[in-house]
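Across the two complexes that follow, chain A remains constant while its partner is chain B and subsequently chain C.
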Partner chain A sequence: MNTNNLNYLVNSLYLIKPELVISAIIVLLVLVDLIMLKNKKLLPYISIAGLLIAGYFIIEHFETNSFAFSTSSSAGMLIVDPFGNFFKLLIVFASILVVLFSVTSVEIKNSLDRHGEYYALIFGMILGMMFMASASDLIVIYISLELVSLSSYVLAGFTKQSLRNSEASLKYVIYGGISSGIMLFGISIIYGITGSTNLYEINSLIQAPQVQSLTFLLAGILIFVGIGYKISAAPFHFWTPDVYEGAPIPITAYLSIASKAAGFALLIRFIKVTFIQSIDPEGFWHLLSIIDWKSFIIIISILTMTLGNFAALWQSNMKRLLAYSSIAHAGYLLLGLAVMSNEGITAILIYFVVYAFMNLGAFFVVMLIANKIGSEELDDYKGLSSSTPFLAVSLSIFLISLTGLPPTAGFIGKLYIFIALIDAKMIVVAVIALLNTVVSLYYYVKVLKHMFLDKSEKEIPAISTSYASAVLLIAILAPVLVFGIYFTPLVDLAKSSITLLGF
Partner chain B sequence: MTQIGLNHFLFVSTVLFCLGIFGIITRKNAVMVLMGIELILNSANINFIAFAKYGNFGYQGQIMALFVIILAAAEAAIALAIVLNIYKTFSTVNVDEIDTMKD
Partner chain C sequence: MQNFPILSFITLLPILGMVIILFIPKKQEIVIKSTTLAITAIQLIAAIILLKNFNYALGGVNDPSSFQFIEKFRWIDITGFSWIGRIKIDYFMGIDGISVPLVLLTAIISFIATLSSWTINKSVKGYFAMFLLLDTGMMGVFVALDFFLFYIFWELMLLPMYFLIGIWGGPRREYAAIKFFLYTLFGSIFILIVMIALYFSTTEVLADGTKVFTFNMLSMMNPQNFTATGILSPLNPNNLRLIAYIGLFVGFAIKIPMFPFHTWLPDAHVEAPTAISVILAGVLLKMGTYGILRVCFPIFPEITRQLVWYIALFGMINIIYGALCALAQKDFKKMIAYSSISHMGLVLLGMASLNSMGITGAVFQMFNHGTITAMLFLIVGVIYDRAHTRGLDEFGGLATQMPIYAGFTTLAFFAAIGLPGLSGFVSEAFVFLGAFGFTSIRTLTVISTLGILLGAGYMLWAMQRVFLGSLKDKWASLKDLTFREYAMLVPLSLIVLFLGIYPATMLNLMNSSVNAMVKFMANAQTMYGSLLH
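Entry: the complex of A and B
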């Protein structure tokens, strides 16, 4: 170890400042929780402050393009580039909202004595997701994936009171354990073929024609199992409805946005960096012919969205309905990747920002209603428009946006995905996606019908929302409407964030 | 006597992987399912170490195996805690019977 190497290590630490802040906050949260046993009010403030500092560091180094933790013999373990920073920013943003949700959630409030671990575990997830968004080595990919999973297993069953809570965490841990084990087996095969775990080195090694493509195909699909489980793509989605229904609502919302975003960041980076051959001037990628990722992703995405949309038609529980809708959205997002072009990635980034607002908003309204009536059944939503018009109207706007109708932001997200598909001359796929959107309209409108047209047999009390939660709801609602009309800044941000290091 | 080579290790690891999958599919007891998961993780570990030794790839494989052992321990701890919690609420650890949420 000479001084040169040491300097390099120190420089790498500067590159992962946001992650260091998050790690420091984990320690701080645990310590504060231990010192102030009685007073748990401070914990959310510390969390928000830590997230804001991390967000500041991400924005400060947004344009960086560099490896971190490389040695003389290998390329880096982590990459800091605009693409990863975009996802980190999205994760930090979603985390701030989820911390605010947790403060208002009755479910979480009921287990006040364990708030310290709750926030510490959330920060464990954030740390894992940030590393997922910037991992360039299979070891880091596996460890960060496990870090996210292990924290979220516990969070899914955090309140421990209801049956469905424990059931959710059991199903999550079993499905998660199996898929990460299968992924690890795939990683071990890739290591055996190439002798390296670094994505960039693997890429340069498999350019040679004599690579055993059948074994590689198997390994690639095994790794996709692990990532597909994180983004709840069919046929690895079985955990999603049960876990989303059973987990506390803030955690459900968090799983549907942040861990899905991190999974997509990882999937895009894995496929692009490992299998790229060249990019033509129009931004289309030419991948190595070892694995036909394009057809594979198209099949998976059509399967995912069709299954999600059709299963959602019969749901009577709001959380379960949103779970299936989030599976369907994973399908739309995968289409952006199936295009295999820079334009498709731009579309994914735009969609994710929009999706974060509308899905978090929808879950927030569901949570505010569940706080008062203690249920998420659709039948209990009857007559909501007369008792609480504010919540009914906001939920309607979020659901219309999830359908993808103008003038909401959801329309812009879908529009860019479809433009990317048509530019790549994938008309048939675009038509299937469009038909799926029509199907999704049915179950979203079903909720509106329950709220606005159906009369409840029993008297429903008016659901009063506190001043703070009303402000928060409007803060989430405003972008959903504004981005539907004025979306230039969003598109510019997405276009500037598609740079992956080296490409 | 034949020399033990890479193929022998790969054979053992593949058998272990298949046994793990088999156990997960057939067993109903949650603890047995978790044991199946451990088998899968360890089959990957054998792969890593065998490839590192016979492929002359350096120490990366061994390091990876160490990480996996640590993560497997952490995962087992968390999973068993969850199973314990399940036993307290459902008084059973049979995966098939733990199905309160409808499809």
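Entry: the complex of A and C
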């Protein structure tokens, strides 16, 4: 009996190789930090190496479709499937970029003595996010969510240099604490009704008609609160602008991509696995009628994008502006889920790849500019086109892509969302989303206006970009333009990643 | 010649030029300007070669086999799953008699506008890079036959236009630029939605026998290609074709600009530098009417027939309203801008007649308006460069001070009024004759002719205020035209004169296509009617 138990653990280990690598790196980072007190230069190299190894293992097992840690009585704690692997890969990719950003960031450099904690905490987040992308059990979901949250609370206030830094961290803790408490309450209700925490088991249990739907509805929405907070969907978005503004820029960029991606992976898996009844040959899902997820998500997504876009109109700080823009993008992404079809999910995956490039790129430029002028205020961006044409043009391309104008990759991302919507005959929703795009144009172009059209009152010295930063920037910029014109590989990747275990 | 991809060449050449310019050092302004001039000159030569090799007998419109200079290859091909079919987008270009005049117009106007941009001295490199990008966008719209490609080009010119107005424009340039941007993007979202909806309603049979959805505009024109359940398929009893048509029409109408979506135009024109006003009036406005003629009409022929009275009505409102506004202007450039609105109304009216005469008039009017208005804006530019004001009341008696300038202005004004012997007359006459021949819009046509009268009113009045009377002392030092200005105005004047005396060159060019279009539109009722039963 005992050996059996151990066996099932050991047998599953090969499925979580990437996660094991990440855990090992955490330990390694802490040890290296302790042993080499003075020399912190090694840490980013270790991080990148670890991430590359983890990425290799993910790709190696990309096509796997299996439960991990299942016993005779339980389906399994984790799932390894192409869908989860896609998000893990995305997280690893974003992490590599963020580590590279951190190396060039002046803010982070200024707190050199605590670099060991910095990278260890980032890896803590990575580990949590990877589990979020593959969790199939409510307990694992909760624990991984908390792991991500706790690491990011600290990271948001990491530099400890300004008041807004600590404020950001504190706000994050309070909002995070409340929403995870609410989520835990929802989980407990579901456990109370079904007696199980495994999503697959819950799904088979609630197929029965006698489920108390009202209680279940309440529990479902309570869980959504926890996830909605992670993806900053309205009305759980209040923390986003403050935290994004206060946190160091690499962390802001990281929160806007990686933790959002993990949140979406979790949300999609939770809704699809728990509430699915059948999938028709056209790829549309038929969910159990306990909760009308479709209407619910449509309302949330329209609320999210409209609120994000309109609030962004009045922002005068670049980080806050990008924070509201990231809220709006969460709204567009939710639309892909609202379609409730495989096509919608494909659109989300495409959008995420594109969004990772353009949003990380935008934050990177904002960081490079902040490194030199020490500010993220829009007013200080005046006349940047003459002092640093390269950065100004790059930022413009990222912002145009975020607006979704061709021929940039952002257009392709939006296009697939709208294709999914129109194929599902959700025309009105598509029109609302597109009108939102027009609104968003105004604030993105406002940044362009400051950089190109306005003249600076004060003299700005020419801003030079280091060779390494320029190469990294071009490496992020190129896909934004290339995928805008030739997007076959992008769509192929998304289509092959659509498989969730069991469906 | 047969194998040379001339349409890609003519469209993508400016982008190549843009890349070259980006590598020229910022200080070498004259090199940058000359490069742009060379690029647009080559483009113009290519357009003339295109014209020489154009077969006048082929109709085009909805028939893929009679399009010319076709370039078609697979651009995006994504194999499908059971739940979503194969996604296929073609790089598909081709021209017929309706697009040829506009391709030629774009090449001419781009060349002239480059000459006109010679006086730009603020960040020259950025200006000409944006200018060439704009050129590609405009040309691409007129040659694309795949809706997706069409849309990419359509959107491509938004950003350069924003910068060209916003950086190099007048005092209120930022407001004008963002207004232009927001208006046109608002219009293009409707185009995007209808494009996707049409995609899911149209199928195309590939060589290997599989049926796939398609963005091919020509396939969308054949009712046989529609799916049974597509939301824009006439076979679907609950189709949304009427709503889609209105959305698409509004998308294009904003560009024309059609009343009540016209308010961006006066702002954009007044603030834009001369060369950009020339491009804006000369080419950009035509993209709206071209879009209606190329997309709305043949893809939704039955709806077009249903709504033709309203199209004519809005044409009439544009003509009268534009003219009345022009009459009230004190700013020379603003007056020309409103006269554009009035003249574009004629294009709408001509298209609404749905007969050969009217549509020929409409297409011809697009070309003529392009050349004449380009001249008018250049003329405003000439005086503004010298006097730094455009107030119509501030001048007087300039005819004695600048006689040659006055001569060219008279020619352009008379062409705009529609004086016989100049190109404007022919197209206006065709539009009115065509529209009058269509009984249901006859009343609207009769009212529209009032626009001619008003046109003569504001043009002649402006003439009187600027050129006649006594010369004010402060203008006594104004110089007459320079060589560069001759180089811009003479070719345009020759075109205006030549097409006024011998319009057949242009009319023959579009004849087959216009007839094909009219025939197609006339058969639409029976064709779509029989599908439903």
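The definition used in the following text is that the second predicted complex is superposed on the first by the 497 of 503 C-alpha atoms of A that agree within 3 Å, B and C clash if a C-alpha of one lies under 4 Å from a C-alpha of the other, contacts with A are read in each partner's own complex, and residues count from 1 in each chain.
Going forward, a residue touches a chain if its C-beta (ideal position, glycine included) is under 8 Å from a C-beta of that chain, and two chains touch if they have at least 3 such contacts.
What you see is a predicted model, and the numbers here were worked out from it, not measured in a lab.
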Which of chain B and chain C A:Ala24 touches, first, second, both or neither: neither
First, second, both or neither for A:Ile53, with chain B first and chain C second: neither
Chain B versus chain C as contact partner of A:Ile400, first or second or both or neither: second
Contacts of A:Val491 with chain B and chain C, given as first, second, both or neither: second
Which superposed partner A:Ile221 touches (first chain B, second chain C, both, neither): neither
Chain B versus chain C as contact partner of A:Ser196, first or second or both or neither: first
Touching partner for A:Val445 - first (chain B), second (chain C), both, neither: second
Complex contact set, residues of chain B against chain A: 13, 17, 20, 24, 30, 33-34, 36-37, 40-41, 43-45, 47-48, 50-51, 55, 57, 60-61, 63-64, 67-68, 71, 74-75, 78-79, 81-83, 85-86, 89-90, 95, 98-101, 103
For the chain A and chain C complex, residues of the former touching the latter: 281-284, 341-343, 346, 400, 405-407, 411, 415, 418-419, 422-423, 425, 427, 430-431, 434-435, 437-438, 441-442, 445, 448-449, 452-453, 486-488, 491-492, 495
Residue ranges of chain C touching chain A (in the complex, touch as defined): 75-78, 81-84, 87, 151-152, 155-156, 158-159, 162-163, 166-167, 173-174, 177-178, 181-182, 185-186, 189, 192-193, 196-197, 199-200, 231, 240
Partner chain B, residues of chain A touching it in the complex: 139, 142-143, 146, 150, 153-154, 157, 160, 163-164, 166-167, 169-170, 173-174, 177-178, 181-182, 184-185, 187-189, 191-192, 195-197, 241-242, 245-246, 320
